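Given below, in the form of C-alpha cells, are the structures.
Same chain, two partners: chain A is paired with chain B first, then with chain C.
On to the complex of A and B.
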C-alpha cells in the first residue's frame, strides 16, 4: 500500500515532497499534488519533507484519510508528473498558518 | 513510523544491510530511546530518504521477540524451547563441546556459517574469519551472492570499481540488466532519472516486467539464464556491422580476434531462439547501445543465478570495452565498486593462520554437508551460524533442516531473533542491532566511507559480533593480541589509511561527518578506464581471460582470504553461453514433469529474511504470492487469488496466485525472504531451489529451477 497526499496540501503545494521522491511519482494540478500508487515505492522520504504534514503512509494513518487513497490513484493517472520543485502557491503561507504549522 | 522529529539528539549512523545503497543514517534519540531513524539529507545518494524496509527501524530495535540473553536448548531440536543462561555458561559449554569434537575429529569438524546479515568491517561477513582460521575449522566458502559476479568481473577487468553509479546522470544510454533497481538499488535510481530527463534512453532487461521495467523507456523480457547469449549476440552485431571502437580495442583489450570468432557463433536468429527476444529487438539494442555514447550498464546480481551466470557477467563486462564506452564520463559498467576501498582483508581474516590443506566447505552445500551426502572426513560435528539464516536463504531447504535435526550436531547461533535456523541451535547468543554498535560499513554501491556510531545502549546482554569473537577467542585460550584491540584500533589496522583513496579521511573526521567520499575523482569527471588501466594482469580488459588458466576460483574475500583448495575446474577463457541446468529448452526430460521456470528475486519490503517477522512489514509485503502468466494458469485451473502449490523433487511451498502478463508464459515468480515457519506449509521458495552451483565462482543457481504449479 502506497503513500497518499491529503487535504492539507490544497492551496499550498510547497512541493518539498517532489524534491525528495526517488521515483518521481508526484503528479499535480493547480491546487495540489497526488501520488501515483503504482510508482510509489513506500520509502517514506516525503512525509517529513512536507511542511504541512499532508502525506500519510496508508499502512499507518487515521481512518479519516481512507477516501484519499482513491483520489490519489485517480488524479495521478490523469495529471502530468512533477519532476522538479515548483514555487509554492501564493496562498501557501496563509494556508500553512491556517493549518497551524 | 515516520514522524516529524524535533527536540531530539542526533547521532550519525549507517545502514547495516546487504544492499548496495549503504544509506547514511541520522539516529534520533530521546531520553536514551531511539525514536526515529532517517536518511541524511546531505548525503549525495541517501538524499534524506531510506526505503520501505527500514521504515520501522527504530521500533525494530524494541521488537519484543528480540533475543536478549544467551540461551540453551531445553526441548527437542527445532522445538523452539530455550532457557536463559549466562554468557559464562554459554561460553563454557561451547568450549567443552568444541574441545571434545577437536579431540575426537579435529577442528575441521567445526564449520562456521556466515553471510551478509550485517555489512560492517567489524561485525559483518569477515568478522569471524580470524577466529575460525585460528581455531583451524573448515573454511566456509560464502558464495550466497556476488561470488559468481566477482569472479567473472575480476577475470575481465580486475578488481576495479568500474562506473560510479552517480555518473549514470551523465549517460545517454542506460541498460539495467537483471536488477529491479527501484526495489533493490533505489538510491541510484534518481541518477537514472536525471539522465533520462536529459534525454537518455533507459532499457531494462529482465524476465519480469518489474516496477523498474515499467519506469523504463524499453523493457526487454528475456528467458532466465540466457543473458550471455544476448550479450554475445550484441557483440556479433557490433562487430559484424563495424560499430566497435577499433582504437580502444586495439590499445586496451586482450583477445579481440578470439572474441570475434566466439561472437560469430551467435548470430541474431540463434540468439533470438535462445533468449526469446525478437531478432529486430536484438538488432536495435546492439546498434543503439554501440552508437549512443556514453552508454552504461548496471549489472544486477541476478545475472549470476544460473548455470552460465558467471559467463553472462563475463560477456556483459566485455561490452563497454568493445564499444569504447569507458572513454566517457557516464560510460562503462558497474557491478560493485567495493574494490575501490583499501580494505586490508588479510589483516581482518588472518589467512596466515590457515593450515595448508585445510578443506573448504561451500555454504550452499550446507544441506549436503550436514546430511552426509557430501563425503566429508571428518564429518561436520558443529555448526556456528552468525549473520545468516540458511534455512530460509540457502537452497535445498529440506536437506538443511534434516541436517540441523541431527542429535550429534552441536549448533550455535548468534542472532537478533530466533530465526528458522536459530530454532535448531543448542546455544543461542544475542547480537546487537545497528543503533547499538560501532562499525565502519563495507559498501558495494557507492564510493563513500560511512561510519555507524552507537546511539543507544545495547539491551539485555546483546553484544556486537566483534565482541562475541573476542570472548570466544579468550574462552578458547587464544592469547593473540588480535583480540586485545578495541574497535577503534581494529579499524585503524583494517584499512590502509595512507592509501591515496583515503587521503584526508580519518576516523575522527568520519565521526563528525558520518561519511566521506573516497578520493577517486568526482562523478561528473570520473572515467576510470578512459585509457585502459584495468586491474588485470595485462592492464587491459581481458576478453580472453588470463585468470582462466588456473581454472574456476572463488575470490578470496568470500573464503576467509584462503588461497588454497580452489575447485579449479577448467574454465573457458572466452565468454560463452552455457544453457541453464533446468529449462524446457536445455532439459526437456525434467521439463516434462516440471515445465515451468521459476525466479525468486528479493522482496520489496523485507531485506532477505530481515523484517519478515515484523507485522508492519508483513502487511506491506503481503503474503507469499506466486506470479504466473494467465496462459499458464488457465491450463491448470488456477484463478487469480487461488492458493497454489509450487513443487519439484526437492520440495514445495505455497502461495496465492496472481495472474499477470508482466510475466512471460512459462515463467513463475515468487519472492524469497518469507520465514518458512510463518508460512502455510512451513516452507518457502528455497524449498524448490537446487544446490547446484553457477559455473564461475560457485554462486547459487536460485533462478535456474524447474517446477510445476497446482491449485491447492
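On to the complex of A and C.
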C-alpha cells in the first residue's frame, strides 16, 4: 500500500515533498499534491519532508484518512507530474501557522 | 557553446542514488553538457543494489528511474573505473570542467573497544554486502552455527540485519538474495537476536515501518522490557513533538513488544536500551559482550547517554555493529576525519576556509550517512545548483572529456564497462534467477562479470 497526501496539504505547495521523492510520483493541482500509488515505492522520504505532516503511510494512518486513498489515485491519474520543487503559494506560511507547525 | 566538444564536461564519481540524481539535475539544466559517471564496480546503483534488503523489492524499483537517466543523451557510464585506483583527481580535473564526488560512505564506524576484531565480530556492511552479493564481501564467512547474535545499533540497517537473521529462510528464497547467503542461512541455528542501543526507546533511529516489520516475522517473538519504557519527562516532551512522529510510533510499537512472550517460537528478537558496549569478550572468538548501563542526561532533543557505572555481560556467539558509516578519503582531496565526509559548503569541496575549484560532493559523502534514498535527490539538486552557477560564470575552456580519458585505460589494464555492457550483465542475472523463482541471481565476482561482457 502506498503513501498518500491528505487534508493538511492545502494552500501550501511548499513541495518539499516533491524534491525528495526518488521516483517523481507527485502530481499537483492549484491546491495540493497527490501521490500516484502505482509509482510510489513506499520509501517514506516525503513524510518528514512535509512541514505540515500531510503525508501518511497507508499502512499506518488514522482511519479518517481512508477516503484520501481514492482521491490520491484519481487525481494523480489526471494531473501533471511535478518533478521539481515549486515556489510555495503565498498562503503557505499562514497555513503552516494555522495548523500549529 | 553548441558543438558537442564545446559542451561542459562533468564527471560524477559513484553510481548510487546521489550520483544518479546529480546526473539527472545536470542533464535537465538545458545546457549543452556531457555527464560521465565513473563507478568502481562493473555494476551501477550503489547501495540500491548492494545495501537495500533483498526482501524489499519495491524500493529497488527506483532503479527504473536511474535506468531512464542512464539512457539519456549526454550520459556515459564508465563501470569498473575507480577514482584513486584507475584515475587520479588531477587527471579528472584535466579532462572535465567539474567533478562531483558521489562515492557514499564505504566504511563502518568502529566501537573502539577491546576485542572488536575477534572472529565472530563483524560490521553490518560486511554482512549486508555478503547477502547482497557485493564482490568485496563475497568471500566473507559468518558462523551461523550457534544460537545467540547481538546487533549493536538501532537504525534501519540494524533492522535489516536482524530481519535477515530472523526470517524463515523460505521467505527469502524468491528474493534476489545471493545464493551463497541463502545456503548459509538455510543452515542457521540462530535462535536469539539482541539489538542494543545506547539511549532509550524514544531515541531509537528505526523508521516505524522497519520496526513494525520486525514484529511481524513468522515464528519469531519480538520482545522488550517494560522497565525500559517508563519514560522520563524529557523523553515524553520529545514524543509529543509533532515533527518527531517516528519516535512516538516507535515507542508505541516497543510497548506492544513488552506484552509479548517468547513462548515456543523458533526465534526471538529482544530490544535492549541504555547500554554501551565496553568490551568484546572471548579468547579465540566472540563469547560475549560487556556492556555499561547508561542514563540520559541533558535537555530534551539533546539527551546524551552517560554511564551509570553499572556493567553487565551479554553472552553471544556472533556480533554485528551498525553504528554508522564513514566515507573513505580520496587521495589528493581534503577529508574530515571526525565526520567521515569530504568537507564542503553546500556541496562545494572546501579545504580550510577556501573552496577547491571544480570539485563538488553529494550524498552520503557530503552529509554523512543519514536519510533515505530520496534524501539524496534534494541533496544532489543543491550541489548541482552550485556546480552550474560556478560553471556558467567561469570562462569555458575546452576540456577533452571522456573519450580522451578512456584512451588512457588500456595501458593501465583498466577495462571499463559501458552501460550496454551492464545491461548484458543485468539480463544474464535475470536469466540465472528465473529457474529458482528469483528476480535475479547476481554475479558476485568481478571476473565473471568481465568474462560475460567479453573482457575476460
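Simple rule for what comes next: the second predicted complex is superposed on the first by the 101 of 101 C-alpha atoms of A that agree within 3 Å, B and C clash if a C-alpha of one lies under 4 Å from a C-alpha of the other, contacts with A are read in each partner's own complex, and residues count from 1 in each chain.
In this text, a contact is a pair of C-beta atoms (placed from the backbone, for glycine too) under 8 Å apart; a residue touches a chain by one contact, two chains touch by 3 or more.
Bear in mind the structure is a predicted one, so any value in this text is a computation, not a measurement.
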Query raised in the report: For the three-chain model obtained by superposing on chain A, do chain B and chain C clash or fit?
Result: clash
Requested in this report: Determine, under the contact definition given at the top, whether A:20 touches first (chain B), second (chain C), both, or neither.
Outcome: both
Query raised in the report: Given the touch rule stated above, what does A:60 touch, chain B (first), chain C (second), both, or neither?
Result: both
Query raised in the report: Between chain B (first) and chain C (second), which does A:100 come into contact with in this model arrangement: first, second, both, or neither?
Result: second
Query raised in the report: Can A:42 be said to touch chain B (first), chain C (second), both, or neither?
Result: both
Report task. With chain C in view, single out which of the stretches 272-280, 344-352, 398-406 or 452-460 of chain B clashes with it after superposition. Result -> 452-460
**Report entry** Set intersection of chain A contacts, chain C complex versus chain B complex
**Finding:** 20-24, 41-49, 53, 57, 59-60
Report task. Mind listing the chain B positions that touch chain A in their complex? Result -> 1-5, 38-39, 41, 47-52, 55, 182-183, 186-187, 189-190, 193, 197, 211, 214-215, 604-605, 616, 619-620
Query raised in the report: How about chain C: which of its residues touch chain A in the complex?
Result: 17, 21, 58-59, 61-62, 64-65, 207-209, 212, 242-243, 245-246, 249, 371-378, 381
Query raised in the report: Which residues of chain A touch chain B in their complex?
Result: 1, 20-24, 38-39, 41-49, 53, 57, 59-60, 83
Query raised in the report: Can you list the chain A residues touching chain C in their complex?
Result: 16, 19-24, 41-49, 53, 57, 59-60, 84-85, 100-101
